[in-house]
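Each remark here refers to the structure printed beneath this line.
Just so it is clear, A, B, C and D label the chains in written order, and each chain counts residues from 1 on its own.
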Amino acid sequence: MKPKLRAGILGATGAVGQKFIELLANHPWIEITAVAASQRSAGKKYGDVTNWLSGTPIPLSIANLEVQDCIPNLDCDFVFSGLDASVAGEIETSFAQAGYPVISNSRNHRFSPNVPLLIPEVNPDHLSLMKEQKFGKGFIVTNPNCSTTGLVIALKPLHDQWGLEQVNVVTMQALSGAGYPGVASLDILDNVIPYIGSEEQKMESETVKILGKIENKAFKNASIKISAQCNRVAVMNGHLECVNIKLKTKAKLDAIIQVWQNYQAEPQQLKLPSAPNPLIYYFTNEKYPQPRLHRDLGNGMAVSIGRLRECPLFDYKFVVLSHNTVRGAAGGAILNAEILIAKGLLTTR
Amino acid sequence: MKPKLRAGILGATGAVGQKFIELLANHPWIEITAVAASQRSAGKKYGDVTNWLSGTPIPLSIANLEVQDCIPNLDCDFVFSGLDASVAGEIETSFAQAGYPVISNSRNHRFSPNVPLLIPEVNPDHLSLMKEQKFGKGFIVTNPNCSTTGLVIALKPLHDQWGLEQVNVVTMQALSGAGYPGVASLDILDNVIPYIGSEEQKMESETVKILGKIENKAFKNASIKISAQCNRVAVMNGHLECVNIKLKTKAKLDAIIQVWQNYQAEPQQLKLPSAPNPLIYYFTNEKYPQPRLHRDLGNGMAVSIGRLRECPLFDYKFVVLSHNTVRGAAGGAILNAEILIAKGLLTTR
Amino acid sequence: MKPKLRAGILGATGAVGQKFIELLANHPWIEITAVAASQRSAGKKYGDVTNWLSGTPIPLSIANLEVQDCIPNLDCDFVFSGLDASVAGEIETSFAQAGYPVISNSRNHRFSPNVPLLIPEVNPDHLSLMKEQKFGKGFIVTNPNCSTTGLVIALKPLHDQWGLEQVNVVTMQALSGAGYPGVASLDILDNVIPYIGSEEQKMESETVKILGKIENKAFKNASIKISAQCNRVAVMNGHLECVNIKLKTKAKLDAIIQVWQNYQAEPQQLKLPSAPNPLIYYFTNEKYPQPRLHRDLGNGMAVSIGRLRECPLFDYKFVVLSHNTVRGAAGGAILNAEILIAKGLLTTR
Amino acid sequence: MKPKLRAGILGATGAVGQKFIELLANHPWIEITAVAASQRSAGKKYGDVTNWLSGTPIPLSIANLEVQDCIPNLDCDFVFSGLDASVAGEIETSFAQAGYPVISNSRNHRFSPNVPLLIPEVNPDHLSLMKEQKFGKGFIVTNPNCSTTGLVIALKPLHDQWGLEQVNVVTMQALSGAGYPGVASLDILDNVIPYIGSEEQKMESETVKILGKIENKAFKNASIKISAQCNRVAVMNGHLECVNIKLKTKAKLDAIIQVWQNYQAEPQQLKLPSAPNPLIYYFTNEKYPQPRLHRDLGNGMAVSIGRLRECPLFDYKFVVLSHNTVRGAAGGAILNAEILIAKGLLTTR
């Protein structure tokens, strides 16, 4: 058995940082050796400064770690970043420049040149973009926004098979997507908020990058027209999305379902520790999927789809669900690290 | 001052029937003189057999009424029907045949030949269809499904001005739309249900009928392609809908907003008691409209719109909200009665 | 008709300040002529700096007012204070010293010597304490904490009639009691928080002060033993409380209900504009009162009681409900101003 | 390894029956060999007639079982009963008379003579009552109501050590306690219902039976005065209770906490498969326990306590939480079966 890789967590006291710690407890390949946060917390014990949100206690080994500044002298092989976007850009660059691989959940570098916006089941070939990063031994890999991830996993098998021309999506997103404290209870009880700042643009631009191709060494976005409308609903976890699609070539309804159910990608083939198998659950019960019932399938890493039916305007419409803080954030980043490790791109320093 | 018209309520003990009673308290033109329900309740005092859902008490004059069978010998000038669809068809027909005007909120006769599917601000000309009904002095007028109403009011001014080609709508519908007891709390707390039985078909078929035209004495549905996806969310009242539209002729964003804000129709011009003025509220705050904040505007009869913006797939997208049990059910039916009264089509028997 | 008294609102941009503005729109005796808040907002238009929480728009006359600093040179006859407790103490004192009557909803002066902790239906005689305040023409009157108010109104008629010995109360309090943004949605969806900071002490100490007596010019707390446990639940407005009581002399169950239903106090007799009549609703439906159904009775100023029954430990137990931001905060303070006006204790300066 | 005992589930299609099936999947000592329900379902495949409430699928081996009538010719060693109280009494008696051990979650026989009302950590000695049952080889053992269970587990260590004189409890109970469909969403969103039918009597009478003693072969209820008030809140799972206690002898606060934390009973000592260890979690964070955070501790079988503090009326007050459908229903019944098996009282027929 190989020694575990040693990870540092940037933004360790925040909601995403906590989720990294929760999901990495007992990870077979990775152990946390450093936690870093803002100067306010630095120098103190992690357990003393963190408003721990989960009901299961902080792993003892982490609770006793001293929180460090977010400067690139952490004792670890690489870092996960759950930093707030207001500071993530510079800090992540400084770590990459100092030779640290940075596996980031923040949005700042998602559109930086040569930074893969990675979903291991969708675009592992984008990892080759990394070679052109100018950071020496360090590099940055990002994962997409929580509302993009589930959508793209549902779209990818169809795009491969029939080609996507148009995508329309309306989301009903969970509260945990807004971080903590996030949405005030007075704003959401008995209510829906039909707006999430810059979320629609993220979904529209990220989707075409992730489904993009590297051709003749040049990167090209997918030529899919896409429109998104994003809403916040009173759900704890799990983003539900109503999708319409127009395909380039005709597809039968049954064939689409089959393509979803049979979809296998590198993470499943490599048996990565966090890879769900199956990746996609298709439900025939027309009331499914539902956030509370299905968000935890595959330990929160699977994607649930249902209600595929013909659409009077597009070709088809359907409903997709994925867990926004697991598959759509910390879990997605961990799967990114796992595929890097499996491919030998992430090693002990 | 003219004597009030005397109304009977069919299905008086149900959720819609109760809303009729609540909204008609102190109505200037209409008084309730009869309440009818299933045989189980018949012969008993209304106040004794009704599981009254509102916090404000049953009007005393109604509480003391004896509940009668739903057979056409009620002492009234016309009836409102809040009957369940399982029985509404036959009972409403029997009342019309017996000479009663029937103002129905039920779905059974919405597509019967010559039955207007009426929103007074949208298609008052459809009332002329009634003449061809074969009921003698009786007739049937219906109002559309709660999720259709708000949508069509938002679409009508645009259809008049620029012509609609395509409409895509995704709804987030309130619990009260399912009646009582309706949705189990275990099914909706911390959850969304991406399915409402036959709701999508209703929205698609009702919209083109309501926006249809009578040409050369023949009725023609509007030639609009429309697709709907319907979801149930944990909101008490108020259906919120995300809409995409494609217009036949080009429209500027500001012009659309202006057309909405200036839209006036017969109910406003006739100053019908339940007609909201303005009919449409357009919000510039990008977080609006929201169900809890805006459902009660215009006493629940106004429609709230916001977030009009260009759409990468269609021409525009926006959000619309209306109160499902007031504008979308009992209040809509009452407004139907009011316009009939104002036009002399509904009188004392 | 007398000219209206001119009121300033301290803390006008906060949740309580907004409620003052909402409730004073169209008040027959009082008009708002000044709004004051923190320096951050001072000098700007109220409508531009306020995150207005209600769905009904800001009254236009208020939206255009310039927000002023909280220093005692406001152009008004008296002030309502909805200031945060972190600053209310000093600011309110400075206004009183400058000759302004201060009608405060903040907790800071509730236990200051000679400051009445006033519920007009319960202890209007405590207003005589004010004479000993050392502020010249100015003075301070406070209203109790939102969870205390409903309880004390329920207890007062019983204490008068039979004498209270012991009170045990467990509360289920609404989200709006925590202000805005207040409770994070992630903390309360599908949850209860069994703790509200210092709330239990407030209920225990305020109750005995309000029910206290002035004897031989000396003030004496009521000698009632009281224990409180406070919980936050996912309710928008309306604090529900489960109460046990032990009386000094024996009371029959029916007599207690009658005493509640017949209770009339000075505000009702003086027909103060905000005084509810009846003050107390007693429900025989054993599922009542409920926050959503009954919080708005008497425009949010009435108190609802139900489920009076014998208790194996105490004499009786029952459930009481009152609206926490109306009766328990801004509305309570406005009623305090009204009784002062009616008694000639609050006049134009 | 011994062969597993073969269990039948009475009321298998209901909410409690489903929970039995969910919790018994992969049980080391018990396998399900028969499912029985009402005649409507009998003869059909379990998977076809059950409105399965959980997001994880029905275990395949169960889905394919044919549902049988609730008559005592099931192929199994004993039965779990999750029957509705309207039918449980007679059916359970008929099974016991036919020689089946009946481990029941229903209330019907809880106060039948010689029927243990069993919490294995609290009153395992009550199992000796069974000997006097007149059923031959069959017998009936019951577990208490969901709201009683958590309370009694919190009380037991204190009663052993210092003696309880008085207990006052106010509950905030989860929706799942009402079964399915149970509470209508329209009744509980933005609301609390201060009433649960006959729940208060159950808590008061069950507590003194469970804490009762067998002395000189006679059973004697505990002489504790107890008063309960029960409320329904918008929580999925987990009953939270605010408790006041008066002890016979003086106890120090720290000593009470220690007694809770150290409490070990037979199920822990026997290492029963479903026995949580620790049984009781005591939290020092004054905001804990909370239903959503702590209901699943010990796989839903542990009890969480917090906020122990002195009480002005009683000696102490505190908050207790337990999972109502696991510890308080199906899980509690399974633990009852386990202790019977461990003691040799439940064997293959």
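The rule we apply is simple: contacts are C-beta pairs under 8 Å (C-beta built on N, C-alpha and C of every residue); 3 or more make two chains touch, one makes a residue touch a chain.
None of these values were measured; they are calculated from a predicted model.
Participant: More contacting C-beta pairs: B-C or C-D?
Facilitator: C-D
Participant: What is the distance, in whole Å, between the centres of chain A and chain C, each centre taken as the mean of its C-alpha atoms?
Facilitator: Computed value for the inter-centroid distance: 48 Å.
Participant: In whole angstrom, how far does the Cα centroid of chain C sit from the Cα centroid of chain D?
Facilitator: Those two chain centres are 43 Å apart.
Participant: For chain B versus chain C, what separation do you get between their C-alpha means, in angstrom?
Facilitator: Inter-chain centre distance comes to 40 Å.
Participant: Check each residue of chain B and list the ones that touch at least two other chains.
Facilitator: Within chain B, residues 189-190, 234-236, 290, 292-293 contact more than one other chain.
Participant: Taking touching chains as linked, do they make an open path (line), a single closed cycle (ring), a hub with spokes (star), an all-linked set (complete), or other?
Facilitator: Contact pattern: complete, every chain touching every other.
Participant: Quick one: in the complex, what on chain B touches chain D?
Facilitator: For chain B paired with chain D, touching residues are 53, 175-176, 180-190, 234-236.
Participant: Write out the stretch or stretches of chain D touching chain A in their complex.
Facilitator: 54-55, 189-190, 236, 290, 292-294, 296-297
Participant: Within the complex, which stretch of chain B touches chain A?
Facilitator: It comes out as residues 166, 168, 170, 172, 189-195, 204, 225-227, 229, 231, 233-236, 240, 242, 244, 286-293, 306-307, 311-314, 317, 319.
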